[in-house]
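See the structures that follow.
In the two complexes below, subunit A is the common chain; its partner is subunit B in one and subunit C in the other.
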Partner chain A sequence: MTVPRVARLDLWRGVLLLAFAVVGLLLVYPLYNIFAASFLDNETGALTLANYRRVLGHPYYQTAIVNSLVIGLGGMVAAVALGVPLAYCVARHKVRGRAVITTLAILSLVSPPFIGAYAWITMLGSNGWLRGFLSDLGLELPSIYGPLGILLVFGLKFYPFVFLLTVGALNLVNASLEEAAENLGATGWRKLRMVTLPLVLPAVSAGALLAFVLSLADFGTPSILGRGYRVLSTTAYNLYTSEIGGNPGLASTASIVLIAISLVAVAAQKRLVARREYASALTRRPAVRSLEGVRSWVVHGLCYLIVGVSSLPSVVVVYNSFRNTSGPVFKPGLGLDSYRKVISDVPDAIVNSFAFSSAAVVLVVGLGTLIGYVLARRPGIAAGALDALLMIPYVVPGVVLGLGFVVSFNGPPIELVGTGAIIVLVIFIRRLPYSVRSSVSILRQIRASLEEAAINLGASPSRAFVKVTLPLMLPGVLAGAMMAFVTAINELSSSIILYVGGTVTMPVRIYLAVLDGEFGTAAALSTVLLVTTGVAVAIVLRVSESREGSFV
Partner chain B sequence: MATLALRGLHKRFTGTVALDAIDVEVGSGEFFTLLGPSGCGKTTLLRTVAGFVRQDAGEVWIDGACVDPLSPDRRDTAMVFQDYAIFPHMTVGENVGFGLRTRGVARAEIARRVREALATVRLSGYESRMPHALSGGQQQRVGLARAMVVRPKVLLMDEPLSNLDAKLRVELREDIRDIQRSLGITTLYVTHDQEEALVVSDRICIMQGGRIEQVGAAWDVYKAPATRFVAGFVGSTNFIEHLPPAELETAVPDGQPLLRAVTAGSGGEALVAVRPEDVRLLPAQARPADMVVVRAVLEKVTFTGREALYLARVAGGPTLTVSEARPTREGLVEVGASVGLGLPLGALLYFDRATGARIGLG
Partner chain C sequence: MTRRISLRGAALGLALAVAAASGNALAAGKVVLYTAHNQSIIDALVPRFEAETGIEAEVIKAGSGDIINRVLAERDNPRGDVIWSIGGEQLEAQSGLLEPYRPTEADKIDPVFMVGTNWLPYTAIVNVFVVNKEKLDPSQYPRTWKDLGRPDLKGKISSARADKSGSSYMQLANVLTVYGDGDDGWAVYRPILGNFVLSGSSSAVSRFVNDGEALVGVTLEDNAYKYVQGGGPVEIVYPADGTVAAPDGIALIKGAPNADNARRFIDWALSKPTQEFLVAEMGRRPVRSDVKASGDLPPVSSFKVVRYDFGWAASNKGAFVKRWQELLMTQ
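Now for the complex of A and B:
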């Protein structure tokens, strides 16, 4: 034991208690209510399995389940198909502009997915300029609406997870292993299949899992691009908000099914990598190959094509925001009309977004750092349990948690529905685990003996933390805060359920604008979001040492 | 079984010449060792043979054919890596069978040969173990089995034992030697451990700064070092710059080359060297005929178990190391004692001061 067990006010025990209270109230309680509601009859309140019979048995819901699986798996496959080759090109070749490629990939990762959906509509929708252009070339594309469009957006949105994780893993493969394979007669594709890919499988599958779970949980994209292609997240949302009598029981059941699918995916990935995580003995850094001739063209072409296409939506959105519009139709000429309109019509969306996100970030970083400290430095049964509970948000879609909040906080003892606080809290609890995890990994790199030295010299444990460890953690914490801010300000799927007129946020406003065909407003607001996001990312890149590590 | 010939190899990395005019012929079935200090180009040479490094000039011939156009996977050289490079996601059996699979050998045949190879390295029954459950020595034996099971034309080993503890190193080097001999695989072996090199090799190639200093059997490089560097690197040697005439016993004939060399000091043509075990520790008055005797005072005595090492200072001259094999307790000489150091004329080595090459003197 490094710290004397004195019964002075123990900061860390206090943190643990607070953490359990917060997690219990904002995570367990709402989810319990959803879980309970899925077994209750809406009218009588009696215990029943009718909701499950309905969701699992009725073709209407079965379609939604199948569609969810299709876009979940499809999004995952697309992300892997883009991310792994890109990672291999970047990690094993002298590619020009590696930092540019990484930065563009990161930017497409953090930009809100519904912006991608919207931008692709303006490019490939029925009047889209890209569709027109390709059509002139004799290439008729299928409709952007429906599963293909959704998969396009998901693939381009989530491949950076696979890319960043796989690059990290490829850089840790000991060079001798690949050389041994070559020396024994396996080169090219064979070496890749027999040696390199199996070694990075844990990382690839972790990225694939993220892509699957996020594709499954995403609300904005299928709801903008779906046009009758129902998935579970949109179905749950519609069941709850439906004008003609919402059905909380069915909505809850659909939510539980959604969570169950995510859990199965998590378990499947765990099983896949079990006993396949190899301690890497990096005695020699992997070889990086110079590129010449055709090969150079192919590799560079592939890299820049992928990051280029995935950055296209952002460029298009910014450009659109300066075009003159009339409703959904773009008019000739450029100007600031859209921005004027945004400022006169929806200033509160901008103000709300910044206010809510900042508040959420303060909470996330404050509690996340403290909890991270407890998990990293004071392990124990309680800390372990807390760690496990903090896994929940990874598999609970935003729509579901939003529903849980509505059900839980719409009346005494806690009445929050309609306030800004409820949006702040839902963003806070969804982001908290990421912040905790990043604090833990930051702390793993700061030796505990530093703090022990301070205590040994007479500082109290909390003073030692504040004076020694905290300053060392600061760059990492700042990077984490910026990332939290990025996710907070782009949050749609929970706030779409929790907002009321006065608490509308930018993402919600963009979503509504796209649905109403106010493309100019959507583009101008999206540009504000993109610029904010870009600034935050730039700060992260500046302050953090492991550049890519901060984003996954 | 195949021969290996390296003809005029040059390799330059930015700033360093890693290989400089390397000419070597390795006989079929020979155990040939590259020995030299860190950074002398051993690994570079080995990797050039494997095809992982491309030479700037010169040729690599295996079995009478130039392999320069061939990529590493086509050269039929199998390598044992310093860091083992055991594939962590494959079982021991899959690791050993890897090269056979890439060569399209039939399943049953693979199983049989893997079993055989594992038996040879004394790992029978380990087929289905995962590598992380093996000790370092076992992993290195898997690496050896994996390389030799494909019956390569040339077996390449880059300091295969350097990550192991001293005892295991001795044990495994005997294994490697026995296995190599029984299979008769032409072997190129890299080490910077001179004892290891002396024990396992048919011939040793001493390298320094990318150049070959000497190629020869263990006996030759030790007893007849070709250059001053070899004499200093293999075993330990006393280099004698200069001996003050006042301390020399004059019983030796005038014009004796040793006297010419040591009295001329750095102005002379030759540098004299003598191995510690060749120097005789004599009572102060003894005057054997076939030696030059120089008076000295013992400064330090170290007992290593196998031998006693004395440091003896010649007044106004060098300090020489003397080793006495199988010392007895009573025979140990005390620090501070005045002694005579006998330098047997037949055991002295002379090196050209300018070039470092060994020379004979009149």
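Now for the complex of A and C:
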């Protein structure tokens, strides 16, 4: 290749430098500040281990740590228990309405979790209709508030990760292996346990890890459903916002503990799958069984029960948004009361949400695509280091990064607290790694030789990228942009700390409305979010080739 | 960048509408309000103010603690103009952040409420219990603060956190006012806290009781009254051992960027029509002597009211909240 070396260095080295600057400023610096604050005495500013002694030693915080582990592991187990059987049913049987099942699973994945929390309160709260219905059938359920309610929401929210990843893996299992097992006498459950499940373990555990880390990090659900049940994310938030004795040192320490638990989980999963990378030659796709009789009923029943129940919150939220209200109390009959209220409430929250999310998506996709290109096509030590740094947002809860931003940008040299920009930037940096990863995987499917041909024909590297590679990437990039938009517009845990009145967003407004008991307002705004999310997902499904792959 | 986007629509639309309506409005400018009011009250009042004065109101809703923290943080470069409806003791504690103002109709305000150093009474607030009348028989209602500590109410009482909610702090101070702020008073409070299921915001308390998640809630009268008015299965109980009838306040922030509009807002908030509106629609008690409390609500003279010492509540707040937190952590 006769490429003008200087030009190439300029463009891609520039991207690398920019990426390091952005990651340094928006990720490393805020987290460093949190880390440093956890070792400082609030009053004297002296170095101390007192914060750690207190968080790790006092029963009050120990309870929060244990509770966090309970809902993290519990959310993970629930997600696996729902996701793996569903995946097995869908991947190995001729199930009617497979696209419907997948779409419903995806929709419950992308809808904000606290909408689930809110909807389950109206269903299974003390005077919820579902509780009443089940009670008439003689089934008395425990309170929706507390750990069980949280696990219900997490299980139904995060199982699609496990489901989508496991379906993908099940489809890639070499049928010969399972047939060999059968020939050796292992059938049914034994074959499943000894051969199939170990083969898909890397995928299942990756989904489980996601469910664990996200359950651990989630703020809205335990905050709404927890009541007395405190976890680390809500404890850190309370410690920071407490009116008197707001305690940045302890809040930072709780945050660091939260990150440490996530890191341990990541390491554990890595270790679990370390010796289990099964290369699949994919000589033959596994058999898909036809279903008949009872078996068909059971499989279809299971599939539709899972996706049906997980879609229930969305249906309930939309229905609630049309119920008549008198102040905070729901009244018989349907109408547009709640929508009128939302619109007269100056649609600030709606406008802000769209403005912030769009701005964040432009940044995410712009830089994400360029970084993805560097990582995929120009590997090196610097690119590797950047890749590693970009893992950080996966294990840093939104509440923690929000705290880091407040601490870092509340005064000179960079004063952003109270602006919309700070909300855009926190969403940007949280979503950047997802965009980078998706660009990398898109690029792996586009041959580098195409671009090299363009360069050999006289195009400059940047021109070759823009004219040849970028158009090929576009469908994937658009799908990635829509996914970034969906996660951006549903973001709560960092913006709850960073918003001010003028920069309130829909999720924050919904959260506040739920806390205030304004359930009608919450339902109407949630419906706006759900519809927006649904449209974005429809676009992804339309433009993206590996449908399910875009969502995990 | 994004801030401009968010404000543009609202500002333009409003400016145009108001300009068309009143002609002189473009010069009226804006006022920035920091408030702990419920969204429903904001929704009802702010459009009226804007329509009547042509001033654009930018509302920042937050918990009262967050508001104080924000005003403190912005001390050198104030961005807010008015603190609107937060607990009197919090305003008293930070009266250095406030600019005294004598409203145009100051003589109409009942002097018993004029207790603030640099702030004005906005509405009178009463601590009440809200009970679910479907799940609790009147014979089981708690009638006094002491009753809240009854063993049969363990885990059945909803309350906000005293370190996060101004009204919840006032309820703690209420108990300490009645039973003393020494070990005796705290001994009364300890089982009460042990029975509480805590939430961040006091607005949620009545919701929990209305929905039957809790049987009893400790909250402010106006919040409970909304659910009574809405037809919820709830009833209000006035603690027989004494409730503090204290005003929540409104205040001009020192160095307010839109101070003239801020004064106009305060005058408007204390005007007879606004106070009547607060009484009729919100179940709040007025601070003006020429406005009567809502017909549904019992007059203040019908239940036991204890004097609330704002200076005491404000100056002891740090110590009380700390003790409250320690009590909570050793439950």
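Before moving on, here are some points about what is shown:
Definition applied: the second predicted complex is superposed on the first by the 542 of 552 C-alpha atoms of A that agree within 3 Å, B and C clash if a C-alpha of one lies under 4 Å from a C-alpha of the other, contacts with A are read in each partner's own complex, and residues count from 1 in each chain.
One rule holds for everything that comes next: a contact is a pair of C-beta atoms (placed from the backbone, for glycine too) under 8 Å apart; a residue touches a chain by one contact, two chains touch by 3 or more.
Note that the coordinates shown come from a computational prediction; the quantities given were computed from them, not determined experimentally.
When both complexes are superposed on subunit A, subunit B and subunit C fit side by side without a clash. Legend: residue contacts after superposition of the two complexes on their common chain; A:V70 is shown touching neither subunit B nor subunit C.
Applying the stated contact rule after C-alpha superposition, one finds that A:N174 touches subunit B and leaves subunit C untouched. Contact with subunit C, but none with subunit B, is seen for A:V500 once the two complexes are overlaid on the shared chain. Contact with subunit B, but none with subunit C, is seen for A:R190 once the two complexes are overlaid on the shared chain. Touch criterion met: A:A513 reaches subunit C, while subunit B stays clear of it. Of the two partner chains placed by the overlay, only subunit C lies in contact with A:G418; subunit B stays clear of it.
More residues of subunit A are in touch with C than with the other of subunit B and subunit C.
By the touch criterion defined above, A:P198 lies against subunit B but remains apart from subunit C after alignment on the C-alpha atoms of chain A.
By the touch criterion defined above, A:E182 lies against subunit B but remains apart from subunit C after alignment on the C-alpha atoms of chain A. Nearest C-alpha atoms belonging to subunit B and subunit C sit 50 Å apart in the superposition, given in whole angstrom. Annotation: subunit A has no residue touching subunit B in one complex and subunit C in the other. Chain contact summary for the complex, subunit C toward subunit A: residues 1-3, 5-7, 9-10, 34, 38-40, 42-43, 47, 58-66, 68-70, 73, 79, 155, 161, 163-164, 166, 197-201, 203-204, 206-208, 210-213, 226-227, 229-232, 317-318, 321-322, 325, 328-329. Residue ranges of subunit A in contact with subunit B, taken from their complex: 174, 176-177, 179-187, 190, 194-195, 198-199, 201, 275-276, 278-279, 281, 283-284.
Contacts from subunit B toward subunit A in the complex involve residues 50, 52, 71-74, 77-79, 81-85, 87-89, 98-99, 102-103, 130, 132, 146-147, 150.
Per the touch definition, subunit A reaches subunit C in the complex via residues 58-60, 121, 125-127, 143, 145, 223, 227-228, 238, 241-246, 326-329, 331, 341, 344-348, 351-352, 355-356, 359, 410, 418-421, 423-424, 500-504, 512-513, 515-519, 521.
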